[in-house]
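Input: structures, listed below.
In what comes next, chain A is part of two complexes: it sits with chain B in the first one and with chain C in the second one.
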Partner chain A sequence: MEKPVTRDPGFYVMVAIGLAVMFIAPVMLDLFTIMQITQYVVLSVFALSLGYIWGFGGILSFGQAAFFGLGAYTFAVASINMGSTTIPMVLAFIIPTIFGAALGYFMFYGRLSDVYLGVVTLVVALIFWKLINHTAGPEYAIGEARLGGFNGIPSIPTLHIPGDPGAWLDPGQMFQVFMGFLIVVYVALRFLIASDFGRVSVGIRENETRASLLGYDVRKQKVIVFAIGGGIAGVAGAMWATYQAFIDPNSVSMEMSAKALVWVMAGGVGTLVGPIIGCILLQWLTLQLGTVDVVNSIAVLGAIMMVLVLALPKGIVPTTQSLLLGGYILWKRNHGSAMPGKAVKE
Partner chain B sequence: MDYTLVIALEMVRAVAWLVLLASGLAIIFGMMRIINFAHGEFLMLGGYTVVISTGNGVNEWFAMLVLAPLVVGIFGVLVERLVIQRLYGRILDSLLATWGLSMLMIGGVTMIFGNSVTGVATPLGGMSIGDYQVPRYNFVLIFAAIFLLLAIWAVLKFTKAGLIARATMQNPDMSEALGIPTRWVYMATFGIGSAVTGFAGALLAPMTGVVPTMGVNFIAQSFITVITGGASVITGTLSAAGLLGSISQGMTFLTGPVYGDAALLLAALVLLRLLPQGITGRIFKKSL
Partner chain C sequence: MSEHILSTCGLTMRFGGVTAVDNVDFNLRDGELRCLLGPNGAGKSTFFKCLTGQLTPTEGKVTFSGQDITGALTHDIVKKGVGIKTQVPNVFDGITAYENVRLSARRKHLKPMAKELTMKTLERCGITHLAKREVGLLSHGQRQLVELAMVLAGEPKLILLDEPAAGMTGDERDRLAQLVLESARSAAVVVVEHDMAFIRQIAKFVTVFNRGAIFREAMIDDIMQDREVQEIYLGKQANAA
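Let's turn to the complex of A and B:
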């Protein structure tokens, strides 16, 4: 992370891969596969939101699904009422961001950390889940949209071209738009992390006391990071809502929060590629297991989570990186040219 | 008059309910600063112990008061040996691991017993206060909560084990230096906390029925009670349960059970904003 983003070849490789997938996949693959892949794209954005606040802000949120669900419900209610999807998409970013800032104010200005932070975020998501589950009656409606309780909200409009509510996107176009979202979020986060603001966040993650002694306002910094993460999760939720054309309280459930955590853990905390890879791998695995009836998918998710904590605490990407680096150093050493110490530094 | 009495009784029951839910968690948190995320599933395990053993002809009270704590306590010791002890000093990792355990337990129990609610008959039936009917079982809950707190207090205050526990709680390094095997203390603590949780789960089973996912309904209340209470097991749990229990029960009377939970959370958030280390946080010797 010491190089500027623009001089990191990895950054260009990632963006190039993203763009290639965005343009080539709809041509190469059939419609069903495209629709399947779209969900990985949506969930990757969700994974990025947690990957950012955990890996680069040191905030471990156990209730990231609260923002995901809030974004999804905001989008659903707004788009059903407006008949358009452009402004609802913007709202799905703004409202979770504001909610994140408000919740963040309570937590970080109260100087909650570690266990306390985890429990409070988790409980917020749980209360959301309970509240939404109890809105089944017809009296719970916002405008035209009935919240539907545990039945969820059906027939959420498909994304359309801004300004023209008749021009719905077909699944291929929707995939491309979502891929575009993912790339934009990735690039924006890379630049944010490399900016002064991002460096201060990382500094706080490393040593909170030192950062505050150096004069940085730790609380404000954390509130902003948390709010940004909330906004991104909200957008992911909105994408999820329009992709499925349906949303129910499961989007706020503990399982959803846990999934995000497992993706980030598996991929690697402190990277942005990691959460995406973790999300794709594990979501694919869950889908495969879903076809087998004997094994319960929640049990498998739980088992993976425990094994990751106990056996692979750093995650796939950092572990692979250090393995590759170690191999490279060994190779260099065997081929005569001594490596100076700087290669060891990550 | 009768109505006031009934409401007062409901309030006390709500507080007792929170005390029962949170005590086991508070014991573990006070000693090890770990929140057991599988707490709800430990409750569930206690409930299932009662269902299965009464189904096999065991006396209901024996199953509730002896079997459930025993089974869940042993399970807790196993979990501590296999998972938690590898993660001392890595608080967040231990939370993640216990969360994984929670999902593993939900999935596992669903695979074995299926995803349906099994009811347990509420013992003792009802009684009337004036025109109102109240279940006698409410008094069992209240007495169980009082008994539990008294028992924890007595053990901590008057026994050798309690002395060792308090010493370890206050300064683990110094206790270790004085020859106390802190790792065994932690193991015992986790086991006892689990046993208390199993006891609570068994007592709750007749009121809620038993289902693999039942834990989710209780963890919000229990976590918030423990966190708001802070590290001191008895005063923390009692003060937080008293405050939050009456707030949420009051809201429930006014607007219905859904907003009761929301009010509980809101009250806890404001409280934590003012007292970040919980109500008993001021006597914290160390920060987390």
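Let's turn to the complex of A and C:
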């Protein structure tokens, strides 16, 4: 019997941790560190987008960066033209969602199997990447925003208070707002997954044939899940664009898609905390390895990835959960036998 | 025609050069309990798949409740009131038995009703004690019961059961026979089964498939005494019984 979200203590713990970090970190940490963690927060939202569609909809996308990049470019172009960041942020959710729904329609109503789904998503991201790389000339402009090709788009406006374009957020405030985004996305996904819609998605992940034999339209369900995932990735892209004040085709690259896959896999498919932890851990590791000149950081990451997959095939979070649970049961058993009187009383 | 809840006309399914279902005219009255016999590879499961839209028949027509459902999408056919238990159980392995059945009940009912129906169906199938267990960890017979509960919770007008007794213990099988007879009071039921003891418990009118076509249709006692049927399929089992 599935526990409702509101009765799961883990949910409150996670939200509490999130809120604590949101309010305490800017006070405790120096500016450089804050800016550093902001990056993790943004990428965690991106990781959640894939963690959701893969872990709770059974859709393995090899091109999640397509949505990340689409959101980033949407935000960049819209905010440069509008001089404000509020509506562009909304657009960065809506446009990738629509694109996700359209792409999903062709993939799922066309009954593509898992492998081809992976190939199509991968190729879509590649096409995006190619396309944007070829927009270097001045003729490629949308309104006042030049797409800039491989040079990217510079001077993307910093996030400001809605309705007041002059009131830019300083890095500390931006961190807090982004933490807020992350918490909202996490909470919304938790409730979505616990809803009937979410339970049907999980059913589809477990067994598509049975889901349709119960009378559920698997195709429609998958399109919606895929579109939601795309929208969340788009918001992450917009956050990335405004955080860096700059965006280039790397945001749509295969590396970006692959990273998301690795984070989710390492953290644990089928959880929401897993992708966040996987993202933070591996991004931090990449950063640390980057400071060492002796070894190639990518090679080391690859090795770590292999060890993780072999040693913790379910991912960090599920493995830790089952270890803790096993430990608790053992402890309870030993504890119980030490005090038989109490057991009898109950 | 209207008294038939299900009828197929010239139903044919070919895979390349193999004709798995060959020109089948099958009629089922509303509320009827029919057993489908036939050796392995006779086309029984393929026939079921054509009925539920998992396969689109090469030729022929399927009519359910007076509506043409040939080549319709699985979920649309199911919504019209067809429930199927597949040969290899199709269940949601990673979630609990309760959730499995609830997902079936929830499609037609509001939350409180779905919950009630789920508990009732679990009890009917004698698996209330398994409600909180993950279905992937259950035995084959138990998974069969979970799948049956999912089918029943959908409250179908036509129930198709493909080898429901496989992997069940004697007790489970007896309960299943009871359930099938009980369900047949409110719905039409078609059962594919090899287990003769089980068939004898439930069968009245029987259709025998062979090589994709209907070989015989008769009452169970006549079928059991039919030399040719024994030859193609029943063999020693029938003599022993």
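In this section, the second predicted complex is superposed on the first by the 315 of 346 C-alpha atoms of A that agree within 3 Å, B and C clash if a C-alpha of one lies under 4 Å from a C-alpha of the other, contacts with A are read in each partner's own complex, and residues count from 1 in each chain.
Everything that follows uses one rule, which is that a contact is a pair of C-beta atoms (placed from the backbone, for glycine too) under 8 Å apart; a residue touches a chain by one contact, two chains touch by 3 or more.
Source: prediction; values computed, not measured.
Engineer: Using the touch criterion from the header, give the chain among chain B and chain C with more contacted residues in chain A.
Structural biologist: Per-residue touch count on chain A favours B.
Engineer: With the two structures laid over each other on chain A, which partner does A:199 touch: chain B (first), chain C (second), both, or neither?
Structural biologist: Only chain C; A:199 stays clear of chain B.
Engineer: Would you check which partner chain A:150 touches, where first means chain B only, second means chain C only, and both and neither mean what they say?
Structural biologist: neither
Engineer: Which of the two partners, first being chain B and second being chain C, lies in contact with A:218: first, second, both, or neither?
Structural biologist: second
Engineer: Figure out whether A:12 sits in contact with chain B (first) or chain C (second), or with both, or with neither.
Structural biologist: neither
Engineer: Taking the touch rule as given, give the residues of chain B at its contact with chain A in the complex, in rising order.
Structural biologist: 29, 33-35, 83, 86-87, 90-93, 95-97, 99-108, 110-111, 216, 219-220, 223-224, 227, 258, 261-262, 265, 268-270, 272-274, 276, 288
Engineer: Looking at the complex, which residues from chain A come into contact with chain C?
Structural biologist: Per the stated touch rule, the residues are 1-2, 196, 199-200, 202-203, 205-207, 209-218, 270.
Engineer: Name, in rising order, each residue of chain C that touches chain A in their complex.
Structural biologist: 52, 54, 73-75, 78-79, 83-84, 86, 90-96, 98-100, 102-104, 106-107, 111, 131-132, 147, 150, 154
Engineer: Mind pulling up the chain A residues that touch chain B in the complex?
Structural biologist: Listed in rising order, the residues of chain A that touch chain B are 60, 62, 106-107, 109-116, 118-120, 122-124, 126-127, 130-131, 134, 254-255, 258, 261, 265, 294-310, 313.
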